[in-house]
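Take this structure, written in structure tokens, and hold onto it; I'll ask about it next.
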Amino acid sequence: MDEKIITKENLKAMCSELLKNNVDVISPLENGYLKLKSGDELTLDSKAKHTKASFKEYVFPKTEPIIFYKKSQSDVELLDVKMEDKQTVIFGAKPCDVRSIGILRKVFNWDYKDEFFNVRTNNTITIGMMCQFCDDFCFCTSVGLSPVSSEGSDIFLIPLDENNFALRVITPKGEEFIKPFGKYLMDGIKGKSEAAEKNVKFPEKVFDSEKVKEWITNNFENEYWNTIGKMCLGCAQCAFVCPVCHCFDIVDEDYNYTEGRRMKNWDGCQFDMFTLHASGHNPRDIQSKRYRQRISHKFKYYPDKFNEILCTGCGRCSRGCPVSMDIKEIVTGIGELANKV
Amino acid sequence: MKIGVFICHCGENIGRTVDCVRVAKACSFFPNVVHSVEYKYMCSDPGQNMIKQAIKDLKLDGVVVGSCSPHMHEKTFRKAVSDAGVNPFLCEIANLREHVSWVHDDKEVATDKAIDLMRFAVEKVKRNAPLKTIQVPVTKRTLVIGGGIAGIQAALDVANAGYEVVLVEKEPSIGGHMSQLSETFPTLDCSQCILTPRMVEVYQHPKIKLMTYSEVEKVEGFIGNFKVTIRKKARFVDDTLCSGCGDCAIKCPIKKKALSEFDEKLAFRSAIYVPFPQAVPNIPVIDKEVCTYFKNGKCSMCVKVCGRNAIKFDQQDEFISEDIGAIIVATGYKLYTIDKKPEASEIKGYGEYGYGKYKDVVDGLQFERIASASGPTSGEFQRPSDGKTPKKIVFIQCVGSRDESKGFSYCSKICCMYTAKHAMLYKHKVHDGEAYVFYMDIRAGGKMYEEFVRRAIEEDGVKYIRGRVSRIYEEDGKYIVKGEDTLAGVPIQIDADMVVLATAMVAQTDAPKLAQTIGMPYDNYGFYSEVHPKLRPVESSTGGVFLAGACNSPRDIPDSVAMASAAAAKALVLFGSDMLEREPTIAFVNENLCAGCFYCKKVCAYNAIEVKQIKDKNGNVIKEVAFVNSGLCQGCGTCNATCPSKAIELIGYTDEQIYAEIAALM
Amino acid sequence: MDDIKKIARELFTSGKVNAVLGYVSINGQRTKPFLATKPEETDNFIINKYILNNLTVYLTKKEILKYGKIGIFAKGCDVKAIVALLQESQIKREEVYIVGINCNGVCADFDMEFSGETIALKCLNCEVRTPKLYDELIGTTEEMPKADDGKLKMIRKIEALSSAEKWDIFEEQFDKCIKCYACRQACPLCYCERCISDKSVPRWIESSASKRGNFSWNIIRAFHLAGRCIGCNECERACPMEIPLSLLNRKMAMVAQEEFKYVSGLDPNTPTLIGSYDLKDDEDFIE
Amino acid sequence: MENKTFEPKIIAFVCNWCTYTGADLAGTSRMKYEPNVRLIKLPCTGRIDPVMILKAFEKGADGVLVSGCHPGDCHYNAGNFHARRRWIMFHKLLDFVGIDENRLHFSWVSASEGKKFVDVINGFVNKVKAKGPFEKYEKINKEFVING
Amino acid sequence: MQIGYYPGCSLSGTAKEYGKSVRAIFKQLDVELADVTDWSCCGATSGHVTSHKLAMALSARNLALAEKQGLKEIFAPCAACFGRLAVTKQELKNSPALKEEIEGIIEDKLNNTIEIINIIQLFQKIGKEKIAEKKVLDLKNLKAACYYGCLLVRPFNILHFDDAEQPTSFEELVKSTGAEVVEWNYKLECCGAAHSLPRKDIVVDLSKKILDDAMKHGANVLVVACPMCHSNLDMRQKNIIKANPGQKEIPVLYLSELIGLCLGLDNKQLGINLHTIDFNIRLKKNVEEEVAK
């Protein structure tokens, strides 16, 4: 399908129609990625700062039951969780967010297929949008993305002016999705969207991820880790707002004497409990080791295993860090060390 | 875990309102329950044998009995379980009688509640740990606090059994209130005549260390192992040198500045003084407040007359530490103060009786001194204002007692008797005198007591008027006593020469302070609390601390003496073994989790939390954590609740156990 | 402001400390905490309106403790945390060298112009602009912009609501919680070896970021800080979900003051609020 | 809908020495009271941790009762004083976040106050009955129920 | 200072002079008395012996009116009114159920927050300093026996402002006028109260004892703060004298009148001229001479 043009009004109308059809529409608003209540709420501001958290919550919830159980005197009965078969549309997400689903899909479908993730993502249409925001924390270009990257989007929007967007269909799923909305689309004008893309300010590329990976491989015991890691407070803010951090913990919770649920909860590698063994031993006993793990996982282990950097350069973790630790600065530092070698 | 459940019908007591069969059946479906039965009397031998047999046959390692209150039969069932080879602490009791069958009518509802309580207990027992009682050694020395008749009796009993006693008295002499009394009811024995030999016996007893003019400053430790610090107040007289000749007091120029405490302020005493001639020890003290030497350094008459150079103006308070196994508290009482409002604002004084305003309105102890042969009037009945013999005396009972609006609601117990005695003593000496007693009820329960009161009324002609006095005022040298004769239903007015108020026995002013020092409970009135009013009347709830006499509640001499002997017996029971067994319900610290904030230490009433340093292999201190002294810990669990990360847990009531009980609600 | 770098350097050269906790500038006004372990590492030290962090949080962290005696730059409010840590035996006075900062208020966040509009709420009515405890004092106190205490107003407003209305407010706020524990980690007084929320036997606080898990966590967090919280508000600043945690903390501080005349963090020798008692404590709510 | 009257579930945390014994006394005196309360015996009110109260609500209690020895009568001298201080803070906190004061009741019941025990139980049960089920807490409890 | 004022029936009837003097002196002392508009009977005497609830409702109505007027405190000079209002307040506070019922009867809501104060409390509020400041003449010739009667400091479990058996606050106030106060025994004894009508003989007997005791202890004036006491001691004094030949007269003043004299007001302004027993001429003369000076 050729590139089309759609007005903001029509995008809103589209949303309203989706909502009427009982589709969940998620879009970045001032207070984060929220479920819209009406199409009018849609802002689609490509110049807006990143929301505090990514939309990860909607494909990989902060907490969800994965099984229910009923205990009797000698037995336990297990009951599957019925997933709601409901379509979700993520509307107007930044390229660095949209990309996350593709990265996550790999880990959730590697040895064990995570049905919860798969059902949700299969039911999700992602409508990405070109990003015109760039601050000191952004570094998507250093991890192979860009503000105009449509990778991961089913449909991609490029703002042309206040009211008009170029609409590019990226995947067949997107094509299928947009069909009923043909009435809202106008034919595109050649070159207009490309010109808009050219105008976008790209963040400067600050490190070479290959070199970073190589340095990490060879510098497990480097003093650098200690220097940067000791200021970390050990919360999981960075992991929980990150579009691609995906660690989780599984706990059982009774809700009465005989019945309960098994919950899958977000977890974070910066917690001291994360690697605490039952014996009391903790291989990552101090914060700098935990911080090393975070960086290594993102820039070495995950790339090694899945050929994907576990980072989209969105800079969220840095913006929200209570002690202003900046992943961009830290990995850039690694890059510099790598260059010196 | 294999748990056996045993439901007791308690004859019909439980069975009548709880469907025990249904409870047993329901319990059989609880996870881990492998055996669930009911029986008529679980505490009977066959009942206990059922438990033992089931433990053996089914290899049970947990037992829950649904029966009466654990306060009744927990020990019984624990013992049965223990006999069958299972740790006694793996047995839990669900209270199906006091808390269910006796308090509910609806059988359905009661049975449901019983099942719930059983579930709580099953869930708890699953998480019980096998525990061992704690063994602690016993120091076989007794501290007796208070040298009144109760303290004297207790000290003598313990000492005569062969154990050392430290007797601490805050006044310069032992003897207490009994030494102030004239004669005693109902026999009219001379109080001092029967008391003094006992005082001397204490003084001469090789096993008794007597410390007068001393106070307990600090009590550390626990049953069998107390460490007590005693403040020996400076007497300014060296007790090792003084021969008790009394010359100093005779020569002391201060004669009319200090009122005698012993004579209840009806007479003067010198600045250096022995409270009364028969004092034990017969060693004077100097009253710093009135002594001229201490005021301006000008007089030292006593130093001059003392042949043994025993006067030591530079003497300081001494602190003496004693190792003690048992403490007997016998601190006695004081009389209700009526001349001014007591500190507690809710208690109003008896301003309308004019005590403190009219010299001839006196309280019970003052009248004792007036009646006493050793008193300021040498036993002659003279009224304080002008020394005239009172021809008409009004006695008013229940002043401060049985009167919620002005004093205390309790009955002071001895006043009926001492008033009858007072009136009788008066009538015996002033034959033409008239004695009126205003009373509310006459309470004369005791051997020969009622007879004694009848004698006062019938033989000695004391006039008893049932009613309260509303007001006393002076008119022309007479005291107009206005009241009501409730039997006749008429207002009554008596112009008396003297009025005696039967003021109540109340707790010592500093009773709460001592209670806090020792760490034992006291009631709203300031009397020390016994563990159980019927079955454990002489034990305080603090282990190893026993009570004797009026510090526990108002009581007379025979009761005090009996109680003192009982307390002594309790101390001796304690000394009967070398080691003590204690419930293992104590706190325990998980040192890995302890962050060393020491909130546990702050809330511990027993100083049971100590600071322990955790060191690495090189001996460097890594951190400081809390450590529980298992001897001191009494197991209240306040530390457990206060600890934010639950690094300290109360064994027997762990968080896990309590959680399990809560979770068993639905 | 005094020559901050010089002061910091001198702490090393005089041998007073082995490491110094201070603020370094990132770009212009933004600052971040930094532990200098060598004199030359103090070159970027700065004091400005954006020294938002409460550095005392580091005083209980193992990796920092190993340096031995630590120098710390501390505002009055931060020093309150030091006082609380002293009360709770977490630090030894002689192990910490306090460079007290006479404070004229800090900005609510980075990237803002400092004014009466943007002053951090905790700075309003601050009574410890000159720290209560220090070894050395720098700076001077000057006039501070005045502003409305919005949080206090909000507390008063909530107090006036019905139980159901209050519940709805907090249910909505707590529901946002993702259990990242940034509030806990940023809190100088959350130093437990193992937070009760991380304990699983028994699990008093469910670890799920479910509604009830979140409710328990937020209530117990506030309760464990009741009478202890010194009001630095780092928890709220750290919260990525913007839960107004200070409402609870301040409410508890208000109760402490109203009921017990207790203000935390003023005097290391005062008995702590929880851990002590008075015979005359309020009784009216108990039957 | 439901004709049956609402029977609240109430958990009581009581100390062993006073209130539990007071409840025993109510029993031995054959006094009758409402059957809705389930006692959990603890050594002392000092042992009562606010997390327990919260957990009781979480487990479906419509009300929580806390009771121990009168001030000054604590078997452990000061456990109830420390408890009282904690409760002051905690009940104000719960009130602030919207847990109705009528659902959390504090009382002193001594070993000799069987009658008071009965009054406290009946009074509180009636109070909670008047309030109805704790729907607000039920709602957050039922966020993830078996396929519901 | 403004204060709510509940005069009660006596002060406009049998105790007119009390009402008159109260208004006069508080004006002098810069206290504005804001009358409770549309006030009705307080429920004393026949009220509360007829029906407990009627008495409650009557007082409650007045309290509700005062609340609506925005008054925070009301001053009731009559000891009986004061007692009824204070008791009602307390009882309704103790029993929410009763309060609800009474609210139903009076068809009005009651916050029940109003403070009720009697004349002594009001003087205490104003302060002796204020009286001293406004003092015109010293009443040093007066030897006053202060008579509390039964109601002034009772019921003590509600009042708490003075000891019910040994009160001293009245004397303290009277001393500030310069008058000497005598110690005597009958300051709390019963005057016969409402027996005034059905059993005059009882009043004669009881009140005589009070008068005698006061004179015996050297008093030349009796000071009261209750209309009932005043009528028994003043109005019935003639009967007492008639029944007891040789009985001497003693003038009986209201506390407000005594203070009024001290503030320089004259007999007429204070209504002293309305008394049965003349305020002793010699005393009056002394007072007038002082004024002249």
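Order as written gives the chain letters A, B, C, D and E; numbering starts at 1 within each chain.
Assume a residue touches a chain if its C-beta (ideal position, glycine included) is under 8 Å from a C-beta of that chain, and two chains touch if they have at least 3 such contacts.
Because the structure is predicted, anything quoted here is derived from the model rather than measured.
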Neighbouring chains common to chain A and chain D, by label: B, C
Chain located farthest away, centre of chain E as origin (C-alpha): A
Closest chain to the centre of mass proxy, which here is the mean CA position: D
Separation of mean Cα positions, chain E and chain D [Å, integer]: 51
Between chain E and chain A, distance of the C-alpha-averaged centres to the nearest whole Å: 83
Whole-Å gap between the CA centroids of chain A and chain C: 31
Two or more partner chains touched - positions in chain A: 256, 263
Per-residue multi-chain contacts in chain C, two or more chains: 194, 196, 203-204, 206, 210, 274-276
Residue list for chain B, restricted to those that touch at least two other chains: 592, 603, 642, 655, 659, 663, 665-666
In contact (per the touch rule at the top): chain pairs: A-B, A-C, A-D, B-C, B-D, B-E, C-D
Touching residues on chain A, where the partner in the complex is chain D: 64-65, 68, 70, 79, 81-82, 255-256, 259, 261, 263
Complex interface listing, chain B residues touching chain D: 69-71, 95, 97-99, 102-106, 109-110, 112-113, 116-117, 120, 512, 516, 519-524, 529, 533, 541-542, 585, 603, 605-606, 634-638, 640-642, 650, 653, 655, 658-659, 661-663, 665-666
Residues of chain B touching chain E in the complex: 341, 348-352, 405, 471, 473-475, 480
Chain B - residues contacting chain C, complex: 592-599, 602-603, 624, 642, 644-647, 655-656, 659-660
Interfacial residue positions of chain A with respect to chain B in the complex: 71-74, 254, 256-257, 280
